[in-house]
Amino acid sequence: MGRSVGFAIYGVIGLICIGLPFFAESDVVVAVMPPGLSGSTLLHIGILIFLFGYLATSWNVLGGFCGQLSLGHAAFFAIGAYTSSLLYIHFGLTPWVGMLAGAAVAAVVGYGLGYVSFKYGLKGPFFALVTIAFAEILRLLMLYWDFTGGPLGLLIPLTEDSWSDMQFMAKEPYYYMAFGLMIFGILATAKIGSSRFGYYLRAIRESEEAAEALGIHSMRNKMHAAAISAAMTALGGTFYAQYTQYIVPDDVVKIALSIEIILFAVIGGSGLVMGPVVGAFILVPIGEMTRVIFSTAATGVSFVALVNSDIPAVEKFAKYLDYLASGGGGGLALLLYGAILIFVCLVMPRGVLPALKSLQSWGKKS
Amino acid sequence: MSDFILEATNISKRFGGLVAVKEASISVKRGDIVGLIGPNGAGKTTFFNMLSGFMPADTGEIFFKGKKINGMRPSNICKLGMTRTFQIVKPFPELTVLENVMIGAFNTTSSTTDAKKIAMEVLNLVGYASYADMSAGSLTVAGRKRVEVAKALATKPELMLLDEVLAGLTPTEMWSMIDVLGKVRDQGVTVLIVEHVMAVIMNLCDQVFVLNYGEKIAEGTPAEVSENPKVLEAYLGDDYGKPASGAN
Amino acid sequence: MLSVKNITSGYGDVQVLNEISFEVNPGSIMTIIGSNGAGKTTTIRTLAGLNKTWSGSISFEGRDIHMLKPHERVASGIVMVPEGRKLFPSLTVEENLQLGAFHPEAQKRMEETTEEVLELFPRVRERLGQVAGTLSGGEQQMVAISRGLMARPKLLMLDEPSLGLAPIIVQQIFELIAEVCRRGTTVLLVEQNVQKSLSVSDYAVVMENGVLTLSGTGAELAGNDEVKKAYLGL
Amino acid sequence: MLTVYLQALISGLLIGGVFSLIAVGLTLTFGVMKIKNFAHGDFLIVGMYFAFFCHLLLGIDPYLSALLGIPLFFGLGWIIQNYLINPVLSAPETIKILITVGISLCLQNIAVFLFSPDFQRVQVEYGTATFDLFGASVSITRLIATSIAVFIVVALYIFLMKTSIGRAIRACAEERDGALAVGVNVDRIYLIALGIATSCVCIAGALMTPFYTISPTVGVSFTLTAFVVVVLGGLGNLKGALVGGFIIGVVESFGEILMPEAALKQVATFAIFILILLFRPNGLFGTKLA
């Protein structure tokens, strides 16, 4: 009963997602949207939801199912983005193949990172620290290397609309690709979750010793999880590179990206197939709406100019309040994410999805 | 193949200055239920950890089915047919009872359907099938211990090492667990059991080894061991049997 | 002095104690004996406030204490010497003792108490400057008891003081416990070592699987076949 | 050539003390509460902006505001421990880490919201003053910052070793149950410990303002640096954090001249970090507090 209701809800949301591009520009949708939002931004938000839902789903294989807290997944994202882009720029290789190459590179790196970390028994916060340090090293190297374009990054040469080059002027094709990516992520993790491998990962998460006693080679399985998770994340990186057609290290390997990926998974419900997707569906719109609504900040007063201006203190303060009311210096979206993360940790540590489920069963009982 | 499924000779373990196990030897005959007893802190769990591969032995050799298993990782030892339970039970708390047992069952199959079937058989055997869908984290101590045994049993072991599966149970729970252990033996599984509750050892075991301060102080049938003065002393204090002096 | 009525307690959602009731009379040594896993440690931790009292009541000198926090119970005069001693291993013995007198009342009289305690435990005096983690098991147990006494308890609760000690040391420890009681501190002892603990106890109860099954004076229980059965299953 | 190395050594030592002060707070949190505080470095910006506004609005010297701010810094740590961290102490490790990640996100973005992501500077007249030492130039502000930082670390060490509260803090770090048994109010000790930890970082932040640009995101890299120092010195080891701070300071400044590009200096630091985590997880000096 509960299960079929769940499937029905997912189905309806899925259908709305598929249909959205057809009515994004319709009068009804435009009328209910907050000011400043166009149909195209709506699609952009959709793409971000799917992409982040997919990335969080990829992270979930290692972080959720297997319980190894990686705080450096942006590294794999960047490997995916750069590998396919470099192959495309230098050898004209289609990103469709490039993305597989990126996934392969990421898998090897993930496997290696897993090997050194797990061989020396790094767990919990220490594994997290190694993954952050690894991502930071990669970021610094990418800023330095010539072949990655250094701080200027890579610009993907524009062609006309082309499926083989994975390039389009319109948003719709990207929208459906992102949607497909997310569906692929859901199906892949669902398949993993119900297989022996998935059971093994959860067993390792809950007690590595008990898992070993039952014949589970914990190290090997953890490494497999790291490789799969890394490869899946890299696919998302290629998509991102093609979508934005411009990548720089400070966008694709930043710590904030790693944290956002985890955020969606944890807030939605890590270790569950749908948890990360639910997290992205809840948080990305909140974040993006906040950004859109308060985007006026950029055109408003500059904080530095205000502070250094010679006007009287009272007037200065009044102007400062105006500045805050228009969104201050920004950051509200991430501030909200942080606050929601804290709230979830304190109140529903297993995430929103399990909380909703227990609410549902509680409702049935009473 | 020798009669003995497990043979450990002169194994020792030292932690810093403390010798937890000192040159202890044990041999377990195929098909027996063998008890390993001793007062708290006698080194029984350390002994178990060495046998099951969770701790390397400092000295000595361990043979399982004639194959030397020193240095093998626990998962490989399990694949060979020896599994263990933990004194402080380690259920997978977020998983259901059935899923817990399925994880053991995956030792011999990669199919989820088969694993489910094996797990249900085992749960029926231990009399816990009706709890299959409960989450393991919500069970009582008795329930957790049963799941612990079921998980191990589902790996289809030839030898099971059970670490205090009865401690903390009420008498009723205890007797039903003893019943389970009898059924396990009837399945042809050899059992090596660490236990404080002596009643079990007396009723169930074919052979008993007694450890005290890391050394083996006695071995034999339960009847022989319970008459052994060294054992009485280890358990009840060195002047047991003399009239109590009282506090006054 | 201490009156425990129908308490239940446990860890997480696992219940260990099932409606335990007993009393401790002032100036006496009372012992709870039982095998491993019977719930003895849980009892002491519940009395000390480290485990929550799920139901029932604990009153100490006529005052309900089961709602008090651990440090408030120490201040009211109930002090625990935990199982496994739980010394602060990299602190010196002296610092361990000073920490024993942490609550303000005890801190005021620290010098006086230290003298009294060291007089009782001359071995501890010899080790004052040494780091606690480097002591032998018996010495550590003495420091643990001394640390407990530093709080000037009215009731001292000892959890398995004989654990892991050689028989000769066990003998010494029990003699010291009897001496502590003679000097005016009531003692609640939890032990697996039946014979030794019964020999110093005024009164004892047997605990099995979270319930109390037998009670009597130390001498009565020492000769009891039921006790032997509970331990050896004979 | 030799002067270059001497300069690197001196520059490293001059920032090392500040690293130590930051790391000491982290190691204390680690040792006492077993919390791995991923928000630790972000408290740096609290101290920085505090000093910035004290200087801008009231004309107070940053060194004085480092002192004046202590009640605020301590209170902030106290409140965060009480309302956010104490409630999750018995939760799974992941939740304990994630809540500090949440705190980090909030601190950073509150600063972005209130003060914009732009860089700020505290302009003091002695800001660029230097003196010459064997041909290498020594920045006065860095020298003062490191000296005060080392002074505070030593004072904290004495506090932990000699006072009754200090002993209780060490007791909690070593053996929580033992501390409960002797009647230490452990929850309260935790509040004090995080209060001290945040104070250390915030003071370090204020001390850095005369020579370091202020922005909401500077904290992140210091969180990492602090973890490097703490792991190097031994988790929960105060002396280790003091020495480790100087080692990492020197490593970074040598990295700056030896690596093909100055920006890569942290690659060396992080590489050392990973190697230590793998091969010497107890650090150079073991794991005991103090």
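Which chain is which? They are A, B, C and D, in the order written, and residues in each are numbered from 1.
Please note the rule applied: a contact is a pair of C-beta atoms (placed from the backbone, for glycine too) under 8 Å apart; a residue touches a chain by one contact, two chains touch by 3 or more.
Being a predicted model, the structure only gives us computed values, none of them experimental.
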Steps needed, at minimum, to go from subunit B to subunit C via contacts: 1
By number of C-beta contact pairs, the top two chains: A-D
Label of the chain whose CA centroid is most distant from the centroid of subunit D: B
Inter-centroid spacing, subunit D versus subunit A (mean Cα positions, whole Å): 30
Separation of subunit A from subunit B, taking each centre as the mean of its C-alpha atoms, in whole Å: 46
Centroid distance [mean C-alpha coordinates] between subunit D and subunit B, Å: 49
Rounded Å distance between subunit C and subunit D, as computed from the means of their C-alpha atoms: 42
Where subunit C touches two or more other chains, by residue: none
Sites on subunit B at which at least two other chains make contact: none
Every chain pair meeting the contact rule: A-B, A-D, B-C, C-D
Footprint of subunit C on subunit B - complex, ascending: 39-41, 138, 140-141, 144, 164, 167-171, 174, 196-203, 213, 226, 232, 235-240, 243-248
Contacting residues of subunit D [partner subunit A, same complex]: 36, 38, 56, 84, 87-88, 91-95, 97-99, 101-106, 108-118, 120, 216, 220, 224, 227, 231, 260-261, 263-264, 266-267, 270-271, 273-274, 277-279, 281
Complex contact set, residues of subunit C against subunit D: 48-50, 69-71, 73-75, 79-82, 85-91, 95, 98-100, 102-103, 106-107, 147-148, 150-151
Of all residues in subunit A, those that touch subunit D in their complex: 67, 69, 71, 116-117, 120-122, 124-126, 128-130, 132-134, 136-137, 140-141, 143-144, 255, 259, 262, 266, 302-304, 307, 324, 327-332, 334-335, 337-339, 341-342, 345-346, 349
For the subunit D and subunit C complex, residues of the former touching the latter: 164, 167-168, 170-171, 174-175, 177-186, 288-290
